[in-house]
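Some structures are shown below for you to check.
Each of the next two complexes has chain A plus one more chain, namely chain B in the first and chain C in the second.
Right after this comes the complex of A and B.
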């Protein structure tokens, strides 16, 4: 009695012309990209090395594109002179205050829009009308209203942060599965507890994604605002360096901005890992 | 548990009608779920079974008629009408233990009592070893067990179950059906069980309310003439199958019409 396997193998093709046996071709490859950390750093190192080579070999005019080593030296000198901290601290205070103000207001208004019919009707209309305005265009008006001190710069950043935050918060509230809210209601859980224990954690992924965007918005606005009217700050420093054709210092300022952006991104990653570990 | 049996609370659907916009979904549906009784609601797709359950549980205001409670729930009941949801409705950011404790946090129970209640609910549903797990780490069957444990924690008088097994595979369904039979065995807790599955209905229910296609009307109320304990016997299977066939013959034509309606929608 042949085994099942034998009998299947014995089922030889009836047609003598069809004798070739070949494996089924694999068609499932691709569409699952993975971020390789090593390849990313290697590529970055290669670009910097190439840039340095171009600078050292005199292929590019250092006035237009100083070599990375020149930028590092400029950064070092800035740090040693104390000017770096003066500019960085001025920008950090503006970004911190503006971002915090805009975020608090955005979260409150976003939740109101997400939870109240009246607030939704009014709020979405205003946000739709005002969100597209480039907030930096309001800086002259804010200077008229608030004077030439820190307030108009902080207010510009706060306004830019506010709209994006409000939108991400009410989108997040809208995205909380309704079945979870109905579940809580079915257990007579009070309104405030539904907000804090169901809606807030449910909206948190969207809110944190919004933070990532608003951090970039704040950085963009602080540089713009400082370029328009400030003595200290990274934006002011970059503008002054540009005016004096000190491109090594200009790029040192850009490197600081880049590092700042990376640090904020990293901080948000840490927040996401801690707060959204359940995903 | 003995004390719970002494109190009586009936749930009454009193001429409930409901409309979504211009669409009539339910039309004067009336029946009573007596204390400790398990009533299944069956009917063709779209006949308003889940809508009816939402109205009975106070999650939806009916267009006409009303849901009423007669009598008093057990004194220890924290939520007399408690839902078990088809999609489990677990908080993904909470562990099993926190999910079960969720409806208790805002009650007057102190922390030690809450802990004891949660422990008991986890034990009754076989979840003690999974108390620290998150929903994403659990199978569908285990997630529904968490939903059941959460419902048991508030010591309901009547469970409102909206197709609680429909999202599960057949083996898990069978296991959970055994759990339901065990939990409802002592008659301390009643249930309204919405299902498409006639086999589940005849195995679990004392009575079956058959709804017509939309707008859902009570077409027939069928009594199951044997206890749940008797239904486990081999010779009862033939009778249950015959009952199931009778039910199917009641709704078959309308189920076909309902399906065509869905396809054309």
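Right after this comes the complex of A and C.
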């Protein structure tokens, strides 16, 4: 077969002159990666099995890399003691309110930047100047300004979420086809209707892609946020386990954060299929 | 002046040459330390060549927190570690990856190291002595740290429950200092080096020193079991350290009055060595001279107490005591 195809290619220029008609199969299907049900879980199971094997066979020091079974035991103990729920609920409140605050502010500012010249000039300057500041470096200042209650923890998460959201929203607004907006304007569609009927749905795909990133950012930042005098919270638990060199508990905390990440990813999948069914 | 400079240069060259000559047959080893004056004897032994004279070629590896030193010793990145006891260190030692081979700094009356400090508002509201800390909101760096344990000892001494105190782990000294200055906590445990500028600028009030209230064994020398097998090397290292311990004790600690070492002809050379390694001016070094036993002894009874306390709090895995983590053949017990 390969040789036949090869000779066909070589003969191709001659065929042009003959103008012979031959059927061609449809090729332009594009790349449509589907979320496979099995492949992801199989890969995960394989990695965990290998990890457990390395632990049980004594290839790695359990102190440096506790086996999955040890992590499961740590998780079980945590759940049985009841502390797990205290940690999870404390963190969910912080992540949820921080993400919501940051997202609302980010969407508003992002739309303003996408729609107004003044807001664009001011907004992009400030975002570029403030976005790269590591929030951890600001912790002592946040403590001075907001104390050590819930406020600085929520503010840390909200700040991290805000910038990414604002950037993904205004680039989403910028990416809405200009001819659609111009057409609506030509038909004298009022401004608010253009925003809600044309720009919002047009920008929604990139806004939702932004949510996917900011939800993970919120999870990342919960550890820094809970550096500020938190007694409960998954971040505080991970920090404490790290300080005490309890590596199995440390990884148990990390597993919980990963599960959060998976759950949030699923939730955004649902949102995408609901809101973007027209795509 | 030029004559002096030449002399100094010649001296340096001679020292360097001596170093090279020694290095040929010297055993190489790395020590993990913090740039704090509580490790002063290590700096003295290194700078004055005591390690070299003992036949060791020592390289100092500097860390910025106690915990990573214990981890690096376990993983073999350094051969010896010298730093404060932490819950993390005990957890590593409890798994048999570390053993304590000697004592280092101690909290002792008259030698300020860690202190209790109150916020201005709390001070005005009646928090005047360490005894009044019961029931207050107190910032520490980390759970299971030296600061946390010091607070536990204080609770035992004055008969209040640690559970009544709200202990707030803020992860770093700068965070704890910020919380104290911003009046969001009533008090904090801070080392003198962090607290001095805070108190001098009126941001906090001094309550007392841990050493005066509850003396305890703060720091130690430790090594991984692999290093311990090299009996000759460990013995040489401990002998060189003991020599520096004795010198530090007899020269500097003997001159400490009112929490400060004197600067005179005898102490100046040693103070300058400590200043060089800790990157502090001599005027600041004199104010935080940690007490170190002249023979490098370890307060084993206190180490046992620390482990039991941390186990009670759930910070250290249960099932071992001090004798399991101490290399008895090397440690001189107090």
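Here is the rule we go by: the second predicted complex is superposed on the first by the 239 of 279 C-alpha atoms of A that agree within 3 Å, B and C clash if a C-alpha of one lies under 4 Å from a C-alpha of the other, contacts with A are read in each partner's own complex, and residues count from 1 in each chain.
Simple rule for what comes next: a residue touches a chain if its C-beta (ideal position, glycine included) is under 8 Å from a C-beta of that chain, and two chains touch if they have at least 3 such contacts.
Given the structure is predicted, the values throughout are model-derived calculations rather than measurements.
In this superposed model built on chain A, chain B and chain C occupy separate space and fit side by side.
Of the two partner chains, chain B is the only one touched by A:278; chain C is not. Using the contact criterion defined above for the overlaid structures, shared-chain residue A:183 touches chain B, although it does not reach chain C. By the touch criterion defined above, A:141 reaches chain C but does not reach chain B.
Of the two partner chains placed around the shared chain by superposition, neither chain B nor chain C is touched by A:117.
Of the two partner chains placed by superposition, only chain B is touched by A:197; chain C is not.
In the superposed model, A:227 lies in contact with chain C only, and not with chain B. By the document's definition of touching, of the two partners only chain C reaches A:239; chain B does not. Here the smallest spacing between CA atoms of chain B and those of chain C, following superposition, is 49 Å. Overlap of the chain B and chain C interfaces on chain A: none, as no residue is touched by both.
On the side of chain A, the complex with chain B involves touching residues 179-180, 182-190, 193, 197-198, 201-202, 276, 278-279. Residue ranges of chain B in contact with chain A, taken from their complex: 57-59, 79, 81-83, 85, 87, 89, 91-94, 102-103, 105-106, 134, 136, 154.
Residues of chain C that touch chain A in their complex: 67, 70-71, 74-75, 86-89, 91-92, 95, 97, 139, 142-145, 168-172, 174-175, 177-179, 181-182, 184-185, 315-317. Residues of chain A touching chain C in their complex: 63-64, 139-141, 143-145, 147-149, 227-231, 236, 239-240, 243-246.
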